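Consider the two complexes below, in which chain A is the common component and chain B and chain C are the respective partners.
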Partner chain A sequence: MASPARTELLGLYRSLLRTAREFCDYNVREYVKRRTSDGFRQNRNLTDPDLIASVYREGKNQLAVAKRQALVYSIYAPKVKSIMELDAAITTNTTN
Partner chain B sequence: MASKLLASTLRQTLTKATAYSVTRQFSTAAAVSVAAAAPAPDSYEDPNGIIMKGVKIAGRPLYLDMQATTPVDPRVLDAMLPFFLSRYGNPHSRTHLFGWESDLAVENARSQISDLIGASPKEIIFTSGATESNNISIKGVMHFYKDKKRHVITTQTEHKCVLDSCRHLQQEGFEITYLPVGSDGIVDLKELRAAIRPDTGLISIMAVNNEIGVIQPMEEIGEICKEFKIPFHTDAAQALGKIPVDVEKWNVSLMSLSGHKIYGPKGVGALYLRRRPRIRVEPLINGGGQERGLRSGTLPTPLIVGFGSACEIAKKEMDYDHKRIMALQDRLLNGIREKIDGVVINGSVERRYAGNLNLSFAYVEGESLLMGLKEVAVSSGSACTSASLEPSYVLRALGVDEDMAHTSIRFGIGRFSTEAEIDRAVELTVKQVVKLREMSPLYEMFFFLLSLLTEKEGVNVWPGFPCLVTPEAYDWENNNFHLFDRVEADAASAFIALWLEKYNLSSQSQYEDVQQLKWNGDKQMVASVRNEVCKRLLIFALSEEAYLFHRRRIAESSHK
Partner chain C sequence: MALRTAILRHIRVPVQTLTLTGPKQHEQWSVCGSSLRFMSSHDDHLTKEEVIDRVLSVVKCFPKVDPSQVTPDVHFQKDLGLDSLDNVEIVMALEEEFKLEIPDKEADKIDSCNLAIEYISHHPMAS
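What follows is the complex of A and B.
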């Protein structure tokens, strides 16, 4: 199997980051973003074409998983967002 | 093609949380029917915030309680869903495709789990969780060998299910030794050796403690068990996927595993049973003879597939996660220590799992601290998280004072925690602790003493340690402290040794590292700790009445 071209690799990277943005859960979204950039950074010096091809294939599988799960998470999104996403001041009133 | 269109319209209609989707009016019957069939809204959530149990918060709290449970990894959910939707067969059905494919998935999961712990797939049986696995191990092993073996050794810091199973065995007539632990939470190997008897049937020691996060010396304990030929059981629910687990290196015969602590689903666990030499157990649940007769019952295929997938992911991600979590723990600890003092880590600092940080804050009341931390989901070792009024038995076994045990908080950091969450948790914790300390009379007294001391020359003080003031040092008539500037070196060093031990600063290098302390951002107190300071340290004790008397006199004199 031919080694993927540079454009394909960059395309995969961008697709993964785009899919990350679609997650409505703050923690998962940050994780996907961080894991893709760290993963690509870790593998940036690979030279063996077979290894690059297999890593690329795995990346594509992960992209498919991410796309499916972004949809599932959005269907069951909670009504209230995480506190980390609200940038207004937090109010904590204890009503007794 | 139609399904893709439906999926995209679904996403656009129903996603409210992302700012990128635009809601449009649709006339397609599918969208309308789906919108009508959306899950019924929970009564406590509305777009303005959440009101539950008398507390109002603006959004879902940030989750820092990874020892209680972990969120399900999206990759795990992806592996599980087909088994809820179309591949719903019973893995024990041998006559049709549904059964065959489920069985294949279960066996695949079995090998994924055994890979992670260095075992063979035949040595894994599935249970409903680590609690059931612990029950099978302890009760099952002792019931099987009840004629020859009547003694069990365990520790005082084990999980409740282990301690309760042992108590059940005690009622049946077995004898249990509960080994004490040191103040760092680690079990003493010499005591373990001394407790072994000829009729000891099982030694059960958990690998990573769920409350304080200390890692026991598993290899050394395994050596001892091998030497005496006693089965070694460990509860590895918190250790799996986080630290390297190898059943050969540890020489364990039984190991309990849990699914929901490694980003898998709740309701599934496993038990590792060694085959060479074979360890026999009496089954707790009888039935159709599934799982080699040891645990009958239909296997929950989706949960098992999720568990296996979580193990596979954990194996790949262990190094990456561990590095990250260690960095986050340092960030959390340093962030808190920079702003406030009197912070004590419960449990050993060296031998601990990085994702579990159990802190006690001096001079702060535990319940009120938790009440102010509603935007952070954390757990505590204090009474309000347990049904009784007693603080956690684990902290009591460590020898932590009751007041410190009540203010303990357990921060759990995991794969999905972010730096921003840690920073926010630090900010909220520091804010709440400072607020409570401002209201605390004990703290005020300590602060007053400290400010008094620093005005005198030639005084070296350790900030963060309550000072003991002797009544003799207080001159009642003239409202003065007699300051002794020379104290018996022996008495001083004994006192210092006690305080060093209490606050886990027993190594010389840490003792010398206490150089600077920032105080509430306002005052700066520089205290240098040197060996010779013992000879020049002031030690004095103040009773509360003396302190209040003194304050009143100051107030009266200022009114004149």
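What follows is the complex of A and C.
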């Protein structure tokens, strides 16, 4: 099986990060970003084309899951923001 | 049709005029007329200096970057020791900063501060 091109891999990385941004819950959002970045860095040294193709396919599947869950979670969005987000808002206010 | 007119007649609301005091009203309109043009196209385009400043500050804030090394000519991977994944992350951070959506084809090409500044300063929607 042909291994995916470099631009395809980077495209998958970008799509996953874009989808991560859509989660309304801070914790989930940060988790998806972290998981994406860790997953790609864990497999950065792979050379076997078959293996690369299979992790790429897994990444694609995970992207579909993330997209679906972002939509589902948006229906059950948390009513209050996370303290982490509030903290950012307060610090920017005080610095202004 | 008869029903429609009947309903319309029933729910008709008498016209009310808002009475504003004279000078206040004038002030309002003169402000609107001179400095703000509502519904007009993007007049207040970003200046190049502003774009450079904001791009540099985004790059400096990136966790793996040494802020003292960042200049407008810096190349993300060659000069800052970042990898291609970091490159993607920086471009995404720039997207958030300037409220843009950069298509994949363009985003792949942006690999240095120079190109980022160039792309963003020519983008009509950057803000």
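Everything below uses one rule, namely that the second predicted complex is superposed on the first by the 87 of 96 C-alpha atoms of A that agree within 3 Å, B and C clash if a C-alpha of one lies under 4 Å from a C-alpha of the other, contacts with A are read in each partner's own complex, and residues count from 1 in each chain.
Here is the rule we go by: contacts are C-beta pairs under 8 Å (C-beta built on N, C-alpha and C of every residue); 3 or more make two chains touch, one makes a residue touch a chain.
What you see is a predicted model; the values in this text were computed from it and never measured.
Once the two complexes are laid over each other on the shared chain, residue contacts for A:11 go to chain C alone; chain B is not touched. Once the two complexes are overlaid on the shared chain, A:38 sits against chain B while remaining clear of chain C. Looking at the shared chain after the overlay, A:57 reaches neither chain B nor chain C.
Once the two structures are superposed, chain B and chain C can be ranked by residues of chain A touched, with B on top.
Across the two superposed structures, the residue set of chain A contacted by chain B and also by chain C is 21.
Residues 6-7, 10-11, 13-14, 17-18, 21, 37, 40-41, 44 of chain A are the ones that touch chain C when the two sit in their complex. Interface of chain C with chain A (complex): residues 83-85, 88-89, 92, 96, 104, 107-108. Listed in rising order, the residues of chain A touching chain B in the complex are 21-22, 24, 27-28, 30-31, 34, 38, 62, 65-66, 68-69, 71-86, 88, 90-96. Put simply, chain B touches chain A in their complex at residues 7, 10-11, 14-18, 20, 39, 41-42, 45-47, 49-51, 54-63, 71, 74-75, 77-78, 81, 320, 371-372, 374-375, 415-418, 420-421, 424.
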